[in-house]
Structures are given as C-alpha cells and as structure tokens.
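Below you'll find the structure I mean.
By letter and in written order, the chains are A, B and C; residue numbering begins at 1 in each of them.
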Amino acid sequence: MLTLGEYIRLYFLIETQYIKGQMQYRADFLISSIGMFFSSLATLSIFVVLFNSIPSLAGWSLMEMVFIYAFYMIAISPMQILFDAVWFLRMKVQSGEFVKYYFRPMNIMFYFMSERFDIKGLTQLAAGIVLLVYASIQLDLVWSVGKILILFLAVFSASLVLISIAVMAGSSAFWVVNSYPVLALAWKVREFAPYPITIFDGVFRFAFTFILPIGFIAFYPAQFFLRPAEISPLFYVTPFIGLGLFALTYKIWELGVNSWTGTGS
Amino acid sequence: MRGYLAFMRGAMLVGVVYRLGFLFTILGNIVYMIIAYFLWRSIYAGKETLNGLTFDQALLYIALGSTIFILLKTYTDWGMAEEIRSGTISVYLTKPIDYQLYNLFGTIGFASTTILTVTLPTVIMLLFVFRIHFALGWGYLFFPVSLILAFIINFNLDYAVGLSAFYTESIWGISTTKEIIVSVLSGALLPLQFFPAAVQQVLMVLPFQAMFFTPLMMVTKPDQQAGVFLQMLVVQALWAAVTYAASRLFYNQAIKVLRVAGG
Amino acid sequence: MTLIHIKDLTKHFRILNRHEGLKGAVRDLFSGDYRTVKAVDGISFDIEPGEIVGYIGPNGAGKSTTIKMMTGILKPSAGVLQVNGLVPYDNRMRQAMIMGVVFGQRTQLWWDLPVIESFKILKEIYKVDQKMFDEHLGMFNELVGLKALYTQQARTLSLGQRMLCDIAASFLHNPQVVFLDEPTIGLDVSVKAKIRGLILELNGTRNTTIILTTHDLGDVEALCRRIIIIDKGKILYDGDIKKVNALFGAYRTLKLQIKDYAEATRTALQNGLAGKFGAEHGITIAQTEDCWTDVTIDQARTPLADVLAFVMTNFPVEDVRIVEISMENVVRKVYDGALQ
C-alpha cells in the first residue's frame, strides 16, 4: 500500500511520461488548444456584448463580472486537467476494460484518473490567470501575501466543488447504461457558475448554494476579493463545502466500484 | 430508399433503449431555462424593451433557442470520426449507398425520437409551467419549413466537421470550435439584436443566423408580413444549398486522402 | 499451506428479461421483470503453490465469474473462497500485491508509454527492490529477448510482442499466483511456443502458481499438469491432465461440406459408416449452424484416413477441413461419462 508521498511521486512519474508521449501529437495539441481557447471565451464574449445594452447586472459591473469569470476559469482547470479520464469511464465500464483497475495494489480512482492529463486545459488556466490579473488592475484591487494565500485556498476549495459534481455524475456509469447525459448535465451546470447568485430568487438561491453548490465554484469565493465589505459568511464555508462534497463523491465512487460486476467478461 | 429508412429506424431503436438519456436532457434544459429566466429578468430589470424585444419575447427566444439547439444537435461529426478512426467507414464506402445520405437518415431518426421524448415535453413545460407567452401570427406557418432548413444546414456543417477526421485525429478541437462559433454567431445564445449594429450586419450575411436566428424570430415575432418570412426562407434555402455543395466538394477532396493512406 | 481454497462457492446474477423490437424496447422502460442466473453453482477445489492449473469450459460456463471472484472483483453469493489465507473481495489491495493478472485481449501496460517506463511504474507500485527488478529484466531478456522492446511504446507493439510484455509485467513483482486469461489467442505458432516457454520457465524458477483459462487446447497440453473443467456453473472434472489428454489426442473432427445436404444424407452417412467400420466405430455426426457436417472420430478406434477416404468416395463432398476436437465436444464427452 502506498503512502501519500509515494502517490505523489508516482503521479509525477506517470504524468511526465504521459506528456512526453502526447507531445508527439503536435497538430492535435494545437487544434485542441484553440478549441479550448474559444470555448473559454465564448461566454465571456456574450457578457461583453450584453454589457453594451445594460450598465450593470444586478449591481455588478462588467469588470467585476470579468474577475468572477477569470476566477471561474482557474477554478475549473484542475477538474479539466486532472480528472479528464472521467469522460471515458462509461466506455471502459461498458466494454469491460475497467476490470484492469482492480488488479493493482493502488487506489482505483487514482489509477483511473492518472491515465489522462489534459494538457490543453493548461491553456484555459493560463488564460484565466491573465484575465484575473487584468481585471484586478482594472478594478484597482490590492493584493497582499495573505490575500494571495487565501486566493490559493479559495481556488483549491472551489475546484473541489466542480470535481465532485463531475465525478459524482460520471460515477453513474457504474449503474446506468447511458450515463453520458448525466455527466453532460453536470458539466453543463458549471456554465452558470460565473453568474452572480444574487440574480436568483430565494428558493433557487438556496438550491444553487446548498443543493447543487455551483455558487461556490466562483461567485462566493470571488466576492471576498471584489466586495470584502459585503462578504457573505458563506465564503468561509467554501473549504468545507469543497472537502465535504468530495468526500461524498468518493463514497459514491467506491459504491460504484464495489457494485460493478464486470460485464463484458 | 428502403435501406435508408432502415438506418433511420435503427437510430430510433437505439434512442429508445437509452431511457435515462432523454430524462436528463430534459432536466438539463430545465436547468438552463431557470437560469436564463433569472438572468434575463435581471437584464430587463425595470426596462420595457431592449433592442426591440420585450422581456417576454426575449425569454421566449432564449427558451426556444435552447430547445431547438438540442433538437438540431447531431452526433454525426463524432459518429463519422469514430467510423473513420476505426476503419468501419470502409464498410459504407464499398456499398452502393451515399455516405452523406446514410448519415442524414441516421440523424433524422435520432431527431425524430428527440422530438417526441424531449422537445414536446419541453414545449408543454414552457407553455404551462413557465407560462411563456406565444404570440400568434403567420410566422408559425413558416416555422416548420424553416426548422427543417435549419436542420439541413446544421447537418451539412456537422458532416463537414466529421469529414475533417480524414485529416486529423483532433475532432474535439474542431467540433468544439464549430459549436462555439455557431452558438454565438447564430443567435442561439443571444438574440442578434443585442450585437452592435456593425457586427449585426456582418452576422446577417453569414450562414449561422440561418440556423437559429431565422426560425427563432419566426416564433418570437410571428406577426409580420408573410412576404418577410418568405424572404427568410429563401435565404435559408440558399444556405442549405451552399452548405450542401460545399460539403459535397469537401467529401470529394477528403476521400482522396483515404485512398492514399489506407490503400 | 494451500494457496487457494474454495468450498461450495456460488454466485447468482439478476438479469432483466429484455423484449424484441421497438414496442418491446419501450415496454422494457417500465419493466421490473428479472430472472436469476446461477453463474457458479457450488464448486469446490484446492490449489497448492506451484501448480499450473488449466481452468476450462465452454463460453458462459462460469469460468470468468470464478476468476473474477478469485481475483477479488466479484463478491460470492455463498461459500468459502480464500487466497493465501485472505478473502479476496475484502482485501483487494493486499491480494493485488501477491497476484498477477493477464488478459489475452487487453493490455495492462500504459498505452502511450515505452514498455520500460511501464515496468518502472510497476516497480514503484509494487515496491519491487532494485535487485529483483534488474534480475527479472535480465531473466526476461534471456528467455525471450525482451530488451529489444523496452523502448517501444506499448501501442506500437504487435499482439505477440505485447503479450510477452504483459506476461513479463505480471511476473515482475514476484507474485504468488498469476491468472492468465487466453494468453495465446490470435497468435501464430512460433509466438505461442515462446509464450508457453516463458510461462513454464517462470513457474519453474519462481514456483509461481498459475491459473490458466483458455480455449486453446495446445496451451493446456503444453502447460498444465492439472485441469478443472467447468460447465453450467458446476465442476465436471478436476484431476490429472493425462486422462483428458488421452481424450484430446485421439479425437479429430472432420468438417465436411456435402452438396445438397438433407436429413436423408445424414442417415445415409450413419448407415454407411456403420456398414464400413462396424457398430462400435465411435464416430459422431453433428450438423453445425453454418452448414458444415462435423464428423468426430476417435482415432483409437477408427483411423481418420479411412473415414476420409470412405466419405470422399461415397458422398459429394465440396470442402474438407480437419480440426482438433473442440472444447464443446470435450465437455460433451465428459458429460457423457467418457472419463469414467
């Protein structure tokens, strides 16, 4: 059985080799990065066009929306890059190929997810960082070492939320034949993370905060930096939501792994 | 002809087997519409009209937009990419069937199932749960034809994306780029009236608006002169023809690659 | 100590009864109609360290279900199953440390990585010390010249090369037991020989227990000292291969395509053979789905050449093939009490 340190070393070993192998496909990397670039900025461009017709959205200015959007892009990157394998779960479960993950003395989720490292996701991460810096400058935000540390913590927690939602949805592949729509649905839901939760009424605000906590992917964490005076206590809950959700997701994954019978012999 | 119908029936059968798939597509659309509702409510906060559209009209447009987007969504590009990658495409190329037609009928079959299982329930929900107001007018008469034409244009585009699989393995990048460009420039995500005037003019001469903006406007503002709608249909038909011709040409080029590489 | 101990092992599955056609598919959407299938129905056997055991049976016999239980993927419905003193399903990781698994069809190497990198990763996972790692790599190279493949990516290897690498990989951490599933499927004769040699050598030097599931009787004959035959979830035979070997070796199936074959032809064939070779000829005739007539001959009683000559002379034979006895026929014969 492996310790955490050994897992990290192993991950490094596997991914450096994987990236080496992927670098052979230069054309694919380029085209995929372009696709990634477009897909990241589509919603942003809609925002920019919208703000042509309205001065503010529920009290938020364009630059503030850009900041939230940049935070969102950074927060969804870990899911994009590290857990990309989840999109192939259904295929491997249906074909029976998934059996091989049971045979090695290591955590099955680790084994499965480490097989893919989505390099093109780094494009989105880079774009997000650049956008965040740009928006900060435009908004005259002040950054201290402490604030930057909090930023890291906030991004970490926020990323866990999306990772949890996606992996939980993807795990339905263990029980349902056509699990793709479940995962696609979960993935689609993330598209609304960069919107201010304040536009929603009570019931939905509750739902998007506590039931399907997309508010924690970008909006609540971003508020801390944009409007510290109006900070909602929910910001401080973010790490717990992230970790708690991931713990739940892991339990569901385990349930799936244990109940799958390996059809397809 | 019977052969093509068989493909259609096959696609329909596949659709029925995936029971949960449709439920989740409907749910996904509901989520989208809830968020769109609140978003647009905020956008219109206190205003009667924006860029020539009332709140009701904008809402109808957006809700119908996503519904049609789902209906028109073909998986042709992915299906073809897989067939090319795995080599099973040679099965179809060596038979006396038209590859594009074969794909078209498969897509029609899939779309037929989607109409029954997703589109119809969604429209019912729009009418009775979300209480979206549908105004009346000539537009409704032209809408079905418009939708079919939009479907054909979309199919031709997806087919072309699928053909690119002859040249590269990175279908994801091309397909995603195409989908983004279409959803933004076709007015599927945002009514074209919201774009700056200069940009609007450019967009109106591109094929994308014929895929979503045209049919959507027929239902959003159905009370215009029949002549106006007829004109829109003609433009659509033109684009359907152009995209068809382009895809045919592309096919002839792409197939050469296969002969060279595969032997 | 017994390595694998199995007693009254049972596994049930619940399967949805599906219906045909468009209407049926719609009906299935709301169905709650299941049936229970007994994949494995009360089997028992013990396996000692160092044994090479062939676990064979027709498709759907319960082979893969048993293997899945032994490797800890599937939980038994009832009965006792212990590997190295532990219950596999409850001790997946500990079991994985002492076990190796190879599939004929699917590789367990990292697809895009050079083979040696896969080995290095396995070294980290199984905590193989450098000495043993080098020793094993040396051994693999000595036995089958594996070094030549080390820098190649797994996906560029031919099926035979990949198989050799997969088998080597499964022995890398010196496991106590290795499960081989169809290790020579789809391979040509020379590669098969190489693979069988590798397996025997590794079993000999490391005393690794090997459980082999295969449809290839050549594999069984070359490697196994003991075989267990399973059919319809029950064990038909568990014992020395020599007995069953006699059964395999002597039998050949003559596959014929007879022009205008009809029921009358079959009768004529039966009567003709009885007339020519006597009542105790031990020949069985079966018609296969793809219009071949299978004439299965016990060479100990009637020489193949004589039967072939007889049939060719007296019947309008359009095509002929000679094959070893199939797994299905072996099982059928065991069922009919051929081993008693």
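Definition applied: contacts are C-beta pairs under 8 Å (C-beta built on N, C-alpha and C of every residue); 3 or more make two chains touch, one makes a residue touch a chain.
On a predicted model such as this, the values are computed, not experimentally measured, just so you know.
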Chain closest to the assembly centre - both centres taken as Cα means: A
Selected interface, A-B versus A-C, where C-beta contact pairs are more numerous: A-B
Geometric centre distance via CA averages, chain C-chain B, whole Å: 50
Inter-centroid spacing, chain C versus chain A (mean Cα positions, whole Å): 44
Inter-chain centre distance, chain A versus chain B - centres from mean C-alpha coordinates, in Å: 28
Touching two or more other chains - residue numbers and ranges from chain B: 17, 19
Of chain C, residues touching chain A in the complex: 13, 64, 68, 71-75, 92-94, 96-97, 99, 101, 103, 106, 108, 110, 112-114, 117, 120-121, 124-126, 153
Residues of chain B touching chain A in the complex: 17-25, 27-28, 31-32, 34-35, 38-39, 41-43, 45, 50-51, 168-170, 172-177, 180-181, 183-184, 189-190, 194-196
In the complex with chain B, residue positions of chain A that touch it: 25, 27-28, 31-36, 38-39, 42, 45-46, 49-50, 52-54, 57-58, 120, 176-182, 184-185, 188-189, 192, 195, 199-201, 204
Interface residues, chain A side, partner chain C - complex: 1-2, 6, 9-10, 13-14, 17-18, 21-22, 97, 99-100, 102-106, 115, 258, 261-262, 265
